[in-house]
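All chains are identified by letter, namely A, B, C, D, E and F, in their written order; residue positions are counted from 1 within each chain.
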Amino acid sequence: MRKIEAIIKPFKLDEVKEGLMEIGVKGMTVTEVKGFGRQKGHTEIYRGAEYRVDFVPKIKIEVVVAADMVAEAVKVIEQKAKTGAIGDGKIFVSSLEEVIRIRTGERGKEAI
Amino acid sequence: MVNTGDTAFILVSAALVMFMTPGLALFYGGMVRNKNVLATIMQSYIIICLVSVSWTLWGYSLSFGPDVGGVIGNLSWFALTDVGLTPSADYATTVPHLAFMVFQLMFAIITPALITGAFAERMKFKTFLVFMILWSTLVYSPLAHWVWGSGGWLAKMGALDFAGGTVVHISSGISALAAVLVIAKRRGHGKEQFIPHNVPMTVTGAAILWFGWFGFNAGSALTSGGLAASAFVATHIAAAAAGLTWLITEWIHRGKPTTLGAASGSVAGLVAITPASGFVGPASALIIGGVAGTLCYLGVMAKSKFGYDDSLDVVGIHGVGGTWGALATGLFATVAVNEAGKDGLFFGNPAQLWIQFVSVVTTWVFAFVMTIIILKVLDATMGLKVSDEEEVRGLDITQHSETAYNV
Amino acid sequence: MVNTGDTAFILVSAALVMFMTPGLALFYGGMVRNKNVLATIMQSYIIICLVSVSWTLWGYSLSFGPDVGGVIGNLSWFALTDVGLTPSADYATTVPHLAFMVFQLMFAIITPALITGAFAERMKFKTFLVFMILWSTLVYSPLAHWVWGSGGWLAKMGALDFAGGTVVHISSGISALAAVLVIAKRRGHGKEQFIPHNVPMTVTGAAILWFGWFGFNAGSALTSGGLAASAFVATHIAAAAAGLTWLITEWIHRGKPTTLGAASGSVAGLVAITPASGFVGPASALIIGGVAGTLCYLGVMAKSKFGYDDSLDVVGIHGVGGTWGALATGLFATVAVNEAGKDGLFFGNPAQLWIQFVSVVTTWVFAFVMTIIILKVLDATMGLKVSDEEEVRGLDITQHSETAYNV
Amino acid sequence: MVNTGDTAFILVSAALVMFMTPGLALFYGGMVRNKNVLATIMQSYIIICLVSVSWTLWGYSLSFGPDVGGVIGNLSWFALTDVGLTPSADYATTVPHLAFMVFQLMFAIITPALITGAFAERMKFKTFLVFMILWSTLVYSPLAHWVWGSGGWLAKMGALDFAGGTVVHISSGISALAAVLVIAKRRGHGKEQFIPHNVPMTVTGAAILWFGWFGFNAGSALTSGGLAASAFVATHIAAAAAGLTWLITEWIHRGKPTTLGAASGSVAGLVAITPASGFVGPASALIIGGVAGTLCYLGVMAKSKFGYDDSLDVVGIHGVGGTWGALATGLFATVAVNEAGKDGLFFGNPAQLWIQFVSVVTTWVFAFVMTIIILKVLDATMGLKVSDEEEVRGLDITQHSETAYNV
Amino acid sequence: MRKIEAIIKPFKLDEVKEGLMEIGVKGMTVTEVKGFGRQKGHTEIYRGAEYRVDFVPKIKIEVVVAADMVAEAVKVIEQKAKTGAIGDGKIFVSSLEEVIRIRTGERGKEAI
Amino acid sequence: MRKIEAIIKPFKLDEVKEGLMEIGVKGMTVTEVKGFGRQKGHTEIYRGAEYRVDFVPKIKIEVVVAADMVAEAVKVIEQKAKTGAIGDGKIFVSSLEEVIRIRTGERGKEAI
């Protein structure tokens, strides 16, 4: 079992979700995060004072998939989340020791 | 004799002015950080309660009661004794005395509330309550008496202040300056970024202020008619002009026109026109407001220059705007608008500018010195500022055991 | 003859009272959880629509139309027949009859809206609509007729209720009590923590209520002049005093002064002064309000004692505050303020207290019994409470297919 | 002669109408996405500033100044020359001319602000400012002159428009239609879901609009008395009825009654009753409002049918509602309510419907053509729409360097 | 050291927390997330237009425990978070290389 | 490749970020979380009723670094986030199987 974490641009969420569904991914978990990286933040102005905001709104998608699905899932995310502009984000893959579906108690592949 | 139209106008005006203080609560509340929004709102809200009681008991009598040497009213109207359903002999003679009293009360409420922006995000609530009672009694009441009280010395000298340039705005703005010199800065001031947590809240507050200000200025005519209409128009035009000039100034200075700038600018215009509103025509109002927008912007810039921590720019807006307005009254006033007024410099009477200047300086000095004294005493006895840890956790939790938003 | 000042005052007052119900929507909306805020706001908002139509068609006629045995108006003013641009013979004889009608309409709107706080976060929307039409017709209209209608039996008995202590606050507060006894508690009541989701929203609502209440109470003078000014002042002072005493009470009881407490207290003061506002002087108002702040705080405490689920404390504030206010009118009323009124116990007329007591008990019993009956019938026919699952998901989604905030 | 009651009423009405534009800012602001809320609020707010200045300088003179051929006022009242503290000879002869002027100013502000809903979330701020100055001068002022100006040709023809069905609502609604045909759609329109980011904000805005609309319609009586009361009542009833019928319509159509629907419906009712408010009785108002609720719902549905991107449904509500209201005035008007008015079709005068029809068509054509021209010119010179990237990042950051919420 | 991540229904948070405390867990970190899975989202209606909202509000709990506690902790979460209805959520277990308490610099088991 | 997750006090974010930048970290992802641990929550009071709030606002920083940077990055976080008072937070280190930069498709070290 692998966990894929992808940090993407917020407006790409729907496309990535559709893409993953098409290859058979059944579930995912999404978090609003703030990213810091090569992509510049912006300046805000309040009463004549300038404030630097370094963090950029991003979406983190977490998808757990069976090991044999990883490559395909990663490919889909890469394709769908890509704009080619700086700040498109990252994908991190890690391994899980166990996955459990709370409702049924199923473990492993069945639990996803 | 009570006139129904005048009374309707004053009562509705009083309601409008009352509504300004919650408006101010939102205006200020939106500009602080999340963790301090309730404490900021609370400071305005509780002043409504606090000053209403003290005004009923002794504040009104001190301000408008029978004159003692031009300096203060006596206490013979304590608890509104003799303040009844028929008009007073001295004030607003076509409306019930109680109506005049309650209209004035609303001014007595908002003035100290304005100061709270200066020390937002850091004052102890308990000390705050005591400060406000003292300030209202020792600073506001005398000033109100001097300018508006029957027999007050500034009034006798001929100072013009239609709706509170000195009494309300200079007094609060300069007391704010005194406060930020005495109360320590916020932790992280100059290093951390203090960004408004809810700008729509602030704009909503500005809009309520603008709305209520019609009662503030037009209501100060104390009758319903030409003068009220003229003051209403001057008020509106000045606010609009200042909103635009602030916007343009920051657009030039920083390259962007901001929503907070438009809101701040219009408030600056409202401040500046306040003393002049019943003495000047529409074209003058346009100029007074237009200048105020740029001037107060510069006033706000001053704080980073001098390094004091006036959290929400009370000095830059009310101190600067009020001073400009009081002086501008000496420039633009004309008896063509208000026979009971005077002509200003531009209408051939340079003396008026001098009188205005004296009243401004007097108010500056009086408000500044008194506020310093009060705060120094409170600092020594009760402490002014919350602890560092309380500041970090925020005043909402530490002073009030509440959080504003629970999503 | 129509007086322009009086008419201006009543129309503006009507607008102010109308504004109170959206204010209430915010006051209540801020106190519920995120997932129920729209449903809560909606209950107030749709009552404005609903009751305005029913009042136009039959409600006004039942309440103020030609008397039938002291108990109810007849239907001859159905759809506002005979309610025109000239004054009525019986009510507010210096303003157009339509102005009086619409002023009263605003009272008929807010009263049922007040009840919604009791069953917030759990009632079925469809049943709610039916309940409100029935309650407005079967409870509000008779009560309004008894107290304010020409020929109403409580009026003839000499009961004093200037702006709605019995008709508005006791009736809503006691109906709230009936409602929470019939409608099941919220899931998790007593175990989970129901924390207000947006306190600034609630304070904003309280401020709008306060602002609008000037129209409510001073407007009830139905003329612009001394009486209106006096009611205005009493209203404001009582609200301020109650805000302070609630704060002090909780400070002593729980160790912290809260923003929600200040807001709740001032509303309690406004409730309590309502019946008395046009009959008492400022000092009495200070006492009535001051007592209300503490009393209603204790009233709110009662619910955890007795274990009923009055979500937003309608019983504790309107039931308790209204009862106190109606009785206090029997204590503090004085003809010195209002010749058309009576003296109360403290001004030498103990009989008035008895009359007030009778009117309170009557209202309690009538509102309680009627509300129980209406709700029992609706429970049997339509069901009152949403399903458990709907409660968990929240009323916004399940009743209205909306979410309040989409960030 | 100035009447104090009338003046109090007009000044307070002017304040109420002023308050509507910030109300509109919230109404619209809640419906856009998070990233555009400030820009949306700003468009309304800055119009208050901008139009107030242009109106003072030339707008009022063009609209209400001495007539030139029935088509426009001349510039002899530039900068409010001759607009003073005494009544004008032609307009509102019992209130100061300045009061009438400022009351009209508030209408001149909100009308262009209404249009902003059509192109919300995508217009360049700089171009927007220029557009608004031009629109106000070239579209609003002529229309206002035709209908309300002394000597205006539509007025002379006998067209009835009590408070702005053609001048305000059709003109803004049809200009909105023109605008969405010229300005490109939002990115993702028809694919992405544009969900309101803060529905309580929108409902609050709707409530402020309703509240202010009393000043709008009842104030348009320009005196305080029977006519004002009648317009007040008609306004309120129509809003209530429309709130209900919109709700019922969507309940049938989509299976759910929504909060946004109730709010939208009541605004639709207010729009529709505006031209009729001073000419029809309560029962007619009930019908006009009731029809408006359903009609405007269908009007809103139209946009998905035709595929244009009217972000916040200005066409569906103001275009459709205003047109229905202007025609309905030709159906339901009766001199029994307003002697200065006319009878409509249902009161035996079919000619009036024809006149109304002509005024509607004229306004449609004029507003549509002029707006297309102005926007085409601006498109060619300054550009109308922000870049794709700016749209994605949001207008708040890109146009104003601000973010609304910082939690 | 293991990290347990559990995606649960929001109203189950308190129960899960209590359950974990009872077996000796001293700390945890909680994030508001949006979940996508077999559980249906809902429809929203704004001005007569229908919008599908696929994401359901969920809570993510992260608990770091010593390896020997994993089984017990997972069992507790399973029990407490279970309603039996679709959407009860998942538990993911992964291994950590190092755990550090910032305040004291402690590492490993002591740091939890 | 390693992922460092640090739960820290919110007002320490800026310092930690600066610290990490100084040692050459180019990016990170930040989430608002609520923490439960030894640090006490607080009591809130609404209408005379007391409510216990156990969860404390925290910030979670996620930084992915090459294995040879871990020790240094952890040290920096420890130093910068430390106040010495309870609740300073934790650092968790885990290993990643793969890291991908969406924009370029780069993998591994190059992708960070």
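One rule holds in what follows: contacts are C-beta pairs under 8 Å (C-beta built on N, C-alpha and C of every residue); 3 or more make two chains touch, one makes a residue touch a chain.
Treat the numbers as computed from the prediction; the structure is a model and nothing was measured.
Visitor: Give me the chains shared as neighbours by subunit B and subunit F.
Guide: Chains touching both subunit B and subunit F: A, C.
Visitor: Would you kindly tell me how far, in whole Å, the mean C-alpha position of subunit C lies from that of subunit A?
Guide: Here the centre of subunit C sits 51 Å away from the centre of subunit A.
Visitor: Distance between subunit A and subunit F based on Cα centroids, please, to the nearest Å.
Guide: Inter-chain centre distance comes to 18 Å.
Visitor: Identify all positions of subunit B at which a residue touches two or more other chains, and write them in rising order.
Guide: 3-6, 8-9, 12, 195-196, 254, 256, 258, 260, 400-403, 405
Visitor: Return the residues of subunit E touching two or more other chains; collapse runs of consecutive numbers into ranges.
Guide: Within subunit E, residues 31, 44-46, 94-95 contact more than one other chain.
Visitor: Among the chains present, which pairs are found to touch?
Guide: Here the touching pairs of chains are A-B, A-D, A-E, A-F, B-C, B-D, B-F, C-D, C-E, C-F, D-E, E-F.
Visitor: Name, in rising order, each residue of subunit B that touches subunit A in their complex.
Guide: 193, 195-196, 250, 253-254, 256, 258, 260-261, 264, 297, 300-301, 304, 313
Visitor: Mind listing the subunit D positions that touch subunit A in their complex?
Guide: Of all residues in subunit D, those touching subunit A are 192, 392-393, 397, 401-403.
Visitor: For subunit B, which residues count as touching subunit C in their complex?
Guide: Subunit B residues touching subunit C: 2-9, 11-12, 14-15, 18-19, 22, 25-26, 29, 37-39, 41-42, 45-46, 48-50, 52-53, 56, 79-80, 83-86, 95-96, 98-99, 101-102, 105, 125, 201, 396, 399-407.
Visitor: Tell me, which parts of subunit E touch subunit F in their complex?
Guide: Those residues of subunit E that touch subunit F are 1, 3, 17, 26-31, 64, 94-103, 105, 111-112.
Visitor: List the residues on subunit E that touch subunit A in their complex, please.
Guide: Within the complex, subunit E contacts subunit A at residues 2, 6-8, 31-38, 54-55, 58, 60, 74, 77-78, 81-95.
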